[in-house]
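Next come two complexes, and both contain chain A; in the first it sits with chain B, in the second with chain C.
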Partner chain A sequence: MEINLKVAEAPTRENRLGSISGYSGTLRDAAQKAGCGGLGNRERCFNQASLCNAGCAQGMVCGILDAAVVNHAPVGCTVDAIGASVVRKYLGMMLGFEPRNAQFVGTNLNENDTVFGASAKLRAAVIETYRRYHPNAIFVSTSCVSGVIGEDIKSVIEDLKPEIPIPVIPLFCEGFKSKIWATGFDMAWHALLTGIVKPPQKKTNVINFINFFGSEKRQITELFAKFGVEPLFLPAGTTVDQLSRMSESIATVSICGTLGTYLGNGLEKQYGVPYVQTLRPHGITGFEEWLRGIGKVIGKETDVENYIAQERARVLPELEKVKQKLHGIKAVVGMGPGYTFNFIRVLQELGVETIWASAWHFDPKYDKGLVVEDLDYLVKNLPADIPFSVSDQQNFELMNVLNTLKPDIYFSRHQGTTVWALKRGTASVCVMDEYTAFGYNGTLNFASMILDAVTNRSLANNIAQRTKLPYTEWWLNQPNTTFLKKAEV
Partner chain B sequence: MTNLIDQPRYVCALGAMQTVSSIERALPILHAGPGCGAKLSLGLTERNGGQGSGYISYHIFPSSNISEKEVIFGGENRLKETIENALKVIDADFFVVLTGCVSEIVGDDVQEVVKSFANAGKPVIYAETAGFKGNNLIGHELVINAIIEQYLKPAPVVDKLVNIWATVPAHDAFWYGNLIHLEKLISEIGLIPNTIFGPRKGLKAIDKTPQASFNLLVSPWVGLKNVELLKKKFGTPFLQYPVLPIGPQETGNFLRTVGQFGGIDASIIEAVIKKHEDEYYYFIERAADTFLETRSIARRFVTIADSHYALAVSRFLVNDMGLFPAKQFVIDGIPDEYKESVSNLFQKYNHGIQAEVEFSSDGQDIHEQIRKTNYYGRPLILGSIWEKVLAKELMGHYVGISMPVSQRLILDRSYVGYDGALRLLEDIYSVVLETSI
Partner chain C sequence: MAKHIKQIAIYGKGGIGKSTTTSNLSAALSKAGYKVMQFGCDPKSDSTNTLRGGKYIPTVLDTLREENVVKAHEVIFEGFNGVYCVESGGPAPGVGCAGRGIITAVQLFKQQKVFEELDLDFVIYDVLGDVVCGGFAVPIREGIAEHVFTVSSSDFMALYAANNLFKGIQKYSNSGGALLGGVIANSVNAPYAREIIDDFVKLTNTKVVEYIPRSVTVTQSELQGKTTIEAFPDSPQAKIYTSLAYKIAQHTDSKSPSPMDVKELREWAAKWADLLLSYENGELRVEAHGNI
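For the complex of A and B:
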């Protein structure tokens, strides 16, 4: 299914890409079945609390400095404003803009509203938000309740046009709509592409850099300057004006394939901005391929090769020393699909063997029908196949696997998921920052982090001796697939 | 004032999942959307005092993770299989099904589904906690009422046994320390405390609840419905002490009131108070130099906090520390029926001092008011993480005490009683000293 900016909202990943949230098998099996369209989803008849696409959708737009979010929802759904504010202050400190609270409010839907509707309330909330923050754009996000009671968001927004002289853009992200919460990213990108981005007036030397928090802004800005281009880290920390000119950029890259597919391909389709689809810049191979990909698009191949040669000479000898100590370590990885595939590759480079990998969901392809290149690389280059599951962050399945395999180390990336491996005595490292293992220095740091974690296991050992996992013995001795239904192809 | 939630300081009724998970080996089962567990829990725990997982967390909570299918066809079967399998997979003693918005709007008959687990071998109960019904403090009351109605059985009364109900677990990042300190205080005057939250309590403590000779509610309003229901169901009398006691004046009053209600000899109570006050004033005498001679602190303070902390902290700072209350903001979504009684409690400080009080959920509006207020010097701001930036802007002194306390790690810290008051003074004046060097 093509990206279509004429419709109100992005189709879900299930419908658009055939993405799934339940599978157990191997990496090559999944890739092969994906290729011939036979990779059906396996539903679960037991679930633990997961995430919803509203978090991903709102999480993207609430980092835009001069925008505001009005969440048409009961009070609980607006709780992410707290996290958004914490992140915003952190970003302000790291990236050098004024630290302030997020502009993220909620309409506080109550019982009456579920019966009589709340269009007037939404209207008043948007007007008041404009009055108090004078934002340059307002995103109106939806919720399960606004969806189920059939609130007509589009009409409310249409009626507001004469009163509010800025873009007011719907962000459709009802939590029940998609099992793949990464759909929320697409919803946010759809809102940007349809409500913010303008046709180009000129061409610039800016590279759109789709990412989460931009912690390597300084390093990458210096690096790109060597090649005469300038990164625009987005969306967090940008302005509406900057985002409106994404169409003028020379190229788009994304720190994560899962994150960037809709925006990268959408900008390419609509405005001809090339989306650089390569391995992601984690580890040495990924970084070099990524940088070469950028070099090719901007016509700086020679400069890139010189830089790579110079950096290799500087960092690789030290990295080799650490790698020798990592040889033979066995790992389990549990992250979103983009990072799972990337980090299997990074670990392999470092001599760490991944004995099981789990991705929270699985995209058989990206938009424009592009192959998931990080997965493709693994299928072609790994010496052996890897047991692999798609697990929607289901802790019980992961703990079952960890309990069976007893790896030396577990790699996580999401909040609240790391501690469980630690409790069963597995050294655990959370790849919290998206620039972990970025480039030469990042890879060296990451290798050292692994070595430290497996060398000093004190916390893991201590906590494991004194705590019990909240699972029955029965469950820990079942196959991890016990609650997966048959695949629906 | 608007209805807008700007700067959320509570979540929705389903946030009561944290009330359940604060009971040892109790497990909330969510009949809700896929994101409800993580969103609400993160706000109430990890982003509030760094309260993390424990034996269970939202990653463990079974959930029907409602999708489009259940919206259209109903989710009763989905809930049934979720409960069935939760009983097999999770090693817990007490299962509490909590409903969210969607299941209540589509009209799933949760009571019927839960009834079918009457012979499951472990208690399975439910509470209807749809997010549109109210906030998590209301949700907390709904869960406790569900336990009282669906689980508790009459039992013979044990003399001097007192159930303590105080701040709401997780929502109040200091809940655990508060309970420990309240338990300690009433033990010292000869009563036997029983609380149901935290380690080594669990079902055993819940089972003891109907045995209490009285229920002690230390709260301006949250929990009143629970002790009323306990009275109705088991005839247990209750004492509501509306102020979380911080510092010698309130704590002394607290001990006298509770002791008298519990039939404790006045001489025993006075001896306990004397011992604590002597200890307490040893430190105050020493610290008074700092209180008096620190250049930067004014005498005016503002709280932007839930009813518990706005009252408790302002009483302490006025009545024990001689500071002066500017307008106080109560931000816990207090129901209308309690506004007058709670408002009156802000009119009864020593020396006839009164504080203006406003009930609001609109943080940005509160900030606007604070910006326009003259504090006659650098204000002391006691609030949540939302006030951090404001305090910086106003060159104020800032301590986060009320949900969300995202900038602190809170383990067993508490501001209750005599020790608690010392901790609060350490925290406030460390900020003052930090900003004066």
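For the complex of A and C:
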């Protein structure tokens, strides 16, 4: 399905890209099925965990410095404000803006509201939010409750136009809509594209840099300056005004293919801003292809080549030394699909063999029908196929895999995910920072990180000795696909 | 330039003849050469029956329940004379939330750009009788139907329902919602029926688009699983539906209605009750004597 900015709400990942949350097979099999349209989703008859896409949707817009969120929801959903505020303060300290709470308001829907509707409440909440915080944009996010009772968010917003002079934009993120949390990203991007981004007035030398947090801001700004361009890390740490001018940028890149596909492709479709879709800049191959992709778009190919040659000379000899110590290490990777494929490539470059890949969900393609380049690369370049499961973060499945395969190391990316691996004695590295293994220095540091984790296993060993896992022997002896139903194609 | 698709919503009290009227309207428009889609918005999913030989079609929501992802084309079925039939479906009586069902079904179609692909001239939403929650108002809301027509008889409860509907339309009229095209007066047989409806529309700032009598031809057609247009195309009833279709095809200016408040409505009804009594003065008095 194409990106359609004329509707108020983006389609879910499942509907738009055919994304799935249940699969077990191999990387090549998944890629092949994705290509020929034969990739079906396998439902689970037992689910231990899931995540609401509202977290992703609201998380994205909470980072905008001068925006506020009004969550039309019962107070339980508005608990997302806590996480948003923690991240916001952390980002403030890291990136140099005011470390305060996110401006996140909830309408506290209760039983009466479900019966009589809550338009008046929403209206009052938006007015008060504007009065208190004077934001430059307000996102009105929805919830399961507001969705079931059919609350007419758009009408309320329309009615408020004469009173509130800033953009008030609906952000449709009802939890029941999608099993895939990444749908939330798409909803947030859709809100930006339809409510904030304005037609370009001029062309700038800014590169839109879609990412999560922006820890490498300083280094990347220096890097880009060499080529006469300037990165705008978004959405966290930007202003509404900056976002409104994304259409004027010279290009868009995204640290994660899964994260950025809707926005990058949307900006290209609507405003002609080229979306540089290459391997992600993790590891040497990825970084070089990425930089070359950017160089091509901004017309600085030669400068990029010179830079690459220089850096290779500096870093590669060091990297070889560490690589030798990593030879023969076997790993299991469990992350979002973009990062899982990305990091398998990085590990392969470092001589670490991935013996199982697990992605939380799987996009058979990106918007504009484009192939998932990080997967495509693996299919073409890996010496052997890798077993691959799409696990929707089911911890019990992952523990089963770790127990069977007993890898030397486990890589994951989300809070708490490596804790369980440690509890069963598997050395783990939590690749929480999105810029881990970014570029030459990053790759070198990552290699050292791996070396440390496999050399000193005392944390994993000590914890495992003192922990009784809640999984039964029975379960640990089953195939990990036991609770996956047949695929529906 | 993209063709402007006329999107119409038909509302009215349950059982008043919306689906009958809508199906005949779709059939007549189709015979006049237009490409029409009829979109049933009722969990009973029976709006398009008479365009499909009395058969029920698989609904959008049932298909979604089985398959998780639905392509709009899977739930569009061709009926009489090529009219495209869609039923949104919904839960069984007493469970779930039909209103939410309408939202989900309509959105599916909006997101898939189906209407343009089918090169439609008309999309007609046949919506369940009483607009009891947010979901049922979805076709009136901005971006879906432009014109609403309400089917009503001269019975007080039907007019009350129409008046209620007018309140909904008035509410959405400021935010780009659909406007009222007029009233389709159904089952208009008794002499006073016309006058009552005429008076009602005068007070509520709208008009009657067509007067449709109750006719056994319609019943006969429905029992055959057909519209009157299909079963008895040369009948007087078919001619009336054709006239309605023509008027709706030409219709352009809808407006915001002026619903009466409850007190006004009751007083108006009471006035008519008195009038009716005096109308039938002679007959009624005689019968009354007989009973005493």
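In this text, the second predicted complex is superposed on the first by the 489 of 489 C-alpha atoms of A that agree within 3 Å, B and C clash if a C-alpha of one lies under 4 Å from a C-alpha of the other, contacts with A are read in each partner's own complex, and residues count from 1 in each chain.
By our rule, contacts are C-beta pairs under 8 Å (C-beta built on N, C-alpha and C of every residue); 3 or more make two chains touch, one makes a residue touch a chain.
Fair warning: this is a prediction, and the values are worked out from it, not measured in the lab.
Visitor: So, on chain A, is it clash or fit between chain B and chain C?
Guide: fit
Visitor: Classify the contacts of A:Q242 with the two partner chains as first (chain B alone), second (chain C alone), both, or neither.
Guide: Neither chain B nor chain C is touched by A:Q242.
Visitor: On the superposed three-chain arrangement, identify whether chain B or chain C touches more chain A residues.
Guide: Of chain B and chain C, more residues of chain A lie in contact with B.
Visitor: Considering only C-alpha centres, what angle arises at chain A between the directions to chain B and chain C, nearest 10 degrees?
Guide: 90
Visitor: On the A-aligned overlay, A:I149 touches which partner chain: chain B = first, chain C = second, or both, or neither?
Guide: Both chain B and chain C are touched by A:I149.
Visitor: Could you say whether A:N265 touches chain B, chain C, both of them, or neither, answering first, second, both or neither?
Guide: Neither partner.
Visitor: If we overlay the two complexes on their shared chain A, which of chain B and chain C does A:T183 touch? Say first, second, both or neither.
Guide: Neither partner.
Visitor: Between chain B and chain C, what is the tightest CA to CA spacing in Å in the combined model?
Guide: Minimum C-alpha separation, chain B to chain C, in the superposed model is 5 Å.
Visitor: Once the two structures are superposed, pull the chain A residues common to the chain B and chain C interfaces.
Guide: On chain A, the overlap between the chain B and chain C contacts is residues 148-149.
Visitor: For the complex, which residues does chain C have touching chain A?
Guide: Within the complex, chain C touches chain A at residues 67-69, 97, 99-100, 102-103, 107, 110-113, 133-138, 141-143, 172, 174-177.
Visitor: Which residues of chain B touch chain A in the complex?
Guide: Those residues of chain B that touch chain A are 2-8, 10-15, 27, 30, 33-43, 46-47, 52-53, 55-68, 70-71, 81-82, 85-86, 88-92, 100-102, 105-106, 130-136, 333, 361, 364, 385-386, 388-389, 404, 406.
Visitor: For the complex, give me every residue of chain A touching chain B.
Guide: Those in contact with chain B are residues 45-55, 74-83, 85-86, 89, 99-101, 105-111, 113-114, 121, 124-125, 128-129, 132, 144-145, 148-149, 175-177, 179, 181, 393, 395-396, 415-417, 419-420, 467-472, 474-475, 483.
Visitor: Any idea which chain A residues touch chain C in the complex?
Guide: So the residues of chain A in touch with chain C come to 1-2, 4, 7-9, 11, 14-15, 18, 41, 117, 147-152, 154-155, 158-159, 488.
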